[in-house]
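Below: one structure, written as structure tokens.
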Amino acid sequence: MNLVMIFDALLIFSMLTLGWMSIFSLSLFRCIVFFVCLGLLAAIAWGQLGAFDVAIAEAAIGAGITGALLLAAWNRIRPHRTKAIEPNLTNAKTSQKDTREHV
Amino acid sequence: MFNKLDIEYDGPAVDKSALSLIASVLVVGLLLAVTIKIVLSDKGHNTGLAPLITQNIELSGVTNPITAVLLNFRAYDTLLEIAVLLVVVLAILPTRDHHAPFFKRIEVSKQNLVLLALQRWITPAVVIFAGYLLWAGAHQPGGAFQAGALLAGASVLMFQSDTYQVNYTSFMARVLLVLSLVVFITIGTALIWFEGSLLTYPLAFSGLLILLIETCATVSITLALASLYSSFIASENISVTDHKHRTIK
Amino acid sequence: MNYLSSSLLLPAIVFLPLLAAIIAFIIGRNRLQGLINISFSLTQFLLVVLTTLLFLDEQTDQSERYVIGGWGAPLGIDLIVDGFSILMLALTGLLTLLITLYSASYFSDKYNASEKSLRFWPLWWFLISGLNALFMSADAFNIYVCLEIIGLSAAALVALQGNRAALQAALRYLLVGLLGSLFYLFAIAILYRSHGTLDLMQIAETASHSFPDKVAMILITIGLLLKIALFPLHFWLPPAHANAPTPVSAILSALVVKASLYILIKFWFDVLGEATTFGASQVLGALGGTGIIYGSWCAFRATQLKLLIAYSTVAQLGYIFLLFPLSEYSMGVSSFTGSASQAAVYFIVAHACAKAAMFLAAGNLILAQGNGEIAKLKGIAVREPLNVLVFAIAGISLIGLPPSAGFIAKWLLLTTAFESGQWWWVIVVITGGLLGAMYLFKVLSLAFSTDPAVVESPTAKSTAPVSSVPVSSVMTTVALILALITLALGLNAEFILNISNTVTEVNGI
Amino acid sequence: MTSALLYSMAGLALFAIGFFGVVVASHVMRKILALNVMGVGIFMFLIALAKRNPLVVDPLPHALVLTGIVIAVAGTALALNLMVRIHHMDQSSQEQSK
């Protein structure tokens, strides 16, 4: 049991927790955020396993693009959308607003 | 289990029908037990195809084994995978607005300073890094998919404010979207004539051909991923007009 | 020197539809659109015919391999054709040609569907190329990619109809499909772990009665059963098939479901035959039997015409699953040989043609009637005699009355059941046939009913709906051709069985 | 107990969690997320499998995972798109009924 093993175990434990939370969290927004975190941790884990190509792809596609898609879709289905229909409103702003709503 | 597809925002997280709960817990438990037993009884193949791949890597034209597998040994899979991406783009892209220009710049009076700075400084860096990834894919981690994803991420950033707009249904965009598939198929079938079999790269040109295919793949993947993202943003405007249209009727 | 393994033919069968998809995508809406697509489907059909003839001509009794990239099996990906896959390819080619002809008028301006055609054609060709690639694939992971092409494009095609029911059905179909593929992918990972290769034949060589192989087989079976919609997992099929545009319903019922079935049969008998057991096959048979009864009953209760046909698909798929218990077992190893497999193969072909014909005819009837309620079909036989005739012929084949293809398929199934001593399946088959007759005659008796009030005033506002459009003759003709093929298959059974017989020898590898 | 073994078991656990989520979660987006979690689990299993022999890293599973990631993103995008369209349709019909 060396340091690397402990790191691995911690990583795996947090990934499993994030996996659970990204499905069963209370608000959908948190689910998405947890899923993106899961993707980033997965990228670290795969670097750990020597798969650097996959790590880059996972960080860029699995966490990045999928996360962006999920957030965009979430933005479309969340309630009170009709007030915030202004096209210039950026994602960052709206997501901030929502965290306040749901905290 | 799929009978109720809920899209209400504030619904409960869990579908509380006892049957599906019990069944899934049983299945999950069984699955875990069974597969962990497999993992622990570590017999079977120990190295997979690794020795074979290292043996043939010199014949593939690249030195990064993953690029060799993706674009030479199993290039057929990659070709079909690009087709999968295209299927989804086709299914999602709106079918109107064919004649608007491919790319346009709009002057917006109200600018978000942070976003502007990001666009100015980070985007070129990302583009350069993506180019590097693409180039480096031949001998170290990197390649078309990673570069395409990075570029798509950069373009998401670019189009966040409406300063730049790309019309993904214009003729130009459609050509670029299918570019990689066309190039892939053309090279693949042309090689039947020269080498006698589908996608058999001649040794002298294999590195070059792979780089060509990867470059085209990067362009198409960038555009595909960016258009997937934009469909969620843009469809808002379209759906609004849709809605107006309907009420007028 | 065999032609197939060295020629352009096999890759061309995959790439031609891809090319057609690209061209359809680029040119967009065009006056020549229909013509281009029809010529592509004709070329594709000719290619498939040529391949079939070459395959029959060589008489090698072996599977033919085509090496992609010059690497060979474990490193690269191979294409493989044996009797079964040639048969499926030929079926795909034929149905593609006919349904393309049908769709060219279905998606024309006449029916206000030219906006949809913009999406339909590329997706349609992607679906066809996915099917063709699947039937030729010899690589486990390549099959996964093909399954994804098929699943995603099929779901997108279902969504084409655009109303809420269709979208919901498409979403459910997509989620189920993705779940099924993930199970399959997991099984592939386990197989690669224990065999160190992804090539199906090489996996078959080292397959054993071992634990990992069994688990992989279970996972593959669960995943593919989800996609095939065997009885308890059928919930997604009726809405998806009923809400899709008519040509899409036809191809979904005729081929897309069979594609997963093809993979399942391949794994169950060729690849991991060692890992299967008698008990498991009885379970599959029992599910199939329940599916027959349940599907037929739901079809009888259905009030929408297309929903009835979709439930009938659930029932008919059940018959094919009787293959699993009925196939011969020697030394605990099942094999895809003998009369059970012949019956199953024949059933697949017969059902594909009959169901496609039935969906197309039903689509025509719905177009003529303006709505899909069965109750509204009263007396339609007077106005659309040909389409009702097609419906009747296809129905005869589905029930299994002579002289149709369905009759021979059922006959083979029954004799096999008697020979193997598993008489209980006979009861299921006969009950299913009776129930099938019930739901089909329910429709036909309504269609032929000569209620004078209805017949005399076909143009009156009260009976003829506002949205009814005259059905184009092309669409009726295509349905009729398919129905005639169903009849012809009943009279020439040897032809199909000859092609599929070569499967027997492949198994020996 | 090597770390590759640990990771492959974690992959299985993620797969199981995801499957549980697909069956049990009610919202479509949760189902989509759960499918993605299942995918991550399989990818983890494959990548751990590539490193089973500590001396040799097998690049083939890496390539499979790369392909799988792109396919997963494609499926996710299509599912999300269908979900958004259904939601939009519901909303406009609601507004009309008002």
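Letters are used for the chains, namely A, B, C and D, taken in the order the chains are written, and counting of residues starts over at 1 for each.
Rule of thumb we're sticking to: a residue touches a chain if its C-beta (ideal position, glycine included) is under 8 Å from a C-beta of that chain, and two chains touch if they have at least 3 such contacts.
Quantities reported herein were computed from a predicted structural model and do not represent experimental measurements.
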Pair of chains joined by more contacts [C-beta pairs], A-D or B-C:
B-C
Length of the line joining the C-alpha centres of subunit B and subunit C, rounded to whole Å:
30
Between subunit A and subunit D, what distance separates the C-alpha centroids? Give it in angstrom.
13
Just how far, in Å, is the C-alpha centre of subunit D from the one of subunit B?
15
Where the centres are mean C-alpha positions, what is the separation of subunit A from subunit C, in Å?
39
Could you pull out the residues of subunit D that touch at least 2 other chains?
13, 15, 17, 19, 22, 25, 27-32, 49-50, 52, 57, 60-62, 66-67, 69-71, 73-75, 77-78, 80-81, 83-84, 86-88, 90
If I count partner chains per residue in subunit A, which residues reach a count of at least 2?
23-24, 28, 53, 57, 61, 65, 69, 73, 76-77
Indicate the residues of subunit B shared as contacts by at least two other chains.
2, 5, 7, 13-14, 35, 46-49, 53, 66, 74, 77, 81, 84, 87-88, 91, 143, 145, 225, 228, 232, 235
Which two-chain combinations touch?
A-B, A-D, B-C, B-D, C-D
Counting only contacts in the complex, subunit C reaches subunit D at residues 141, 145, 148, 152, 155-156, 159, 164, 167-168, 170-171, 174-175, 178-179, 182, 185-186, 189, 192-193, 198
What does subunit D use to touch subunit B in their complex?
5, 8-9, 12-13, 15-17, 19-20, 22-31, 49-50, 52-53, 56-63, 66-67, 69-71, 73-75, 77-78, 80-81, 83-84, 86-88, 90, 92, 95-96
Can you list the residues on subunit B that touch subunit D in the complex?
1-2, 4-8, 11-15, 20-21, 23-25, 27-28, 31-32, 35-36, 39-40, 42, 46-51, 53, 65-66, 68-70, 74, 77-78, 81, 84-85, 87-88, 91-92, 143, 145, 221, 225, 228, 231-232, 235, 239, 243, 246-247
Once bound in the complex, which stretches of subunit D touch subunit C?
15, 19, 22, 28, 31-32, 35, 38-39, 42, 45-46, 49, 52, 60-61, 64, 67-68, 71, 74-75, 78-79, 82-83, 85-86, 89-90
Over in the complex, which subunit A residues touch subunit B? Could you list them?
23-26, 28, 52-53, 55-57, 60-61, 64-65, 68-69, 72-73, 75-79, 85, 87-88, 90-91
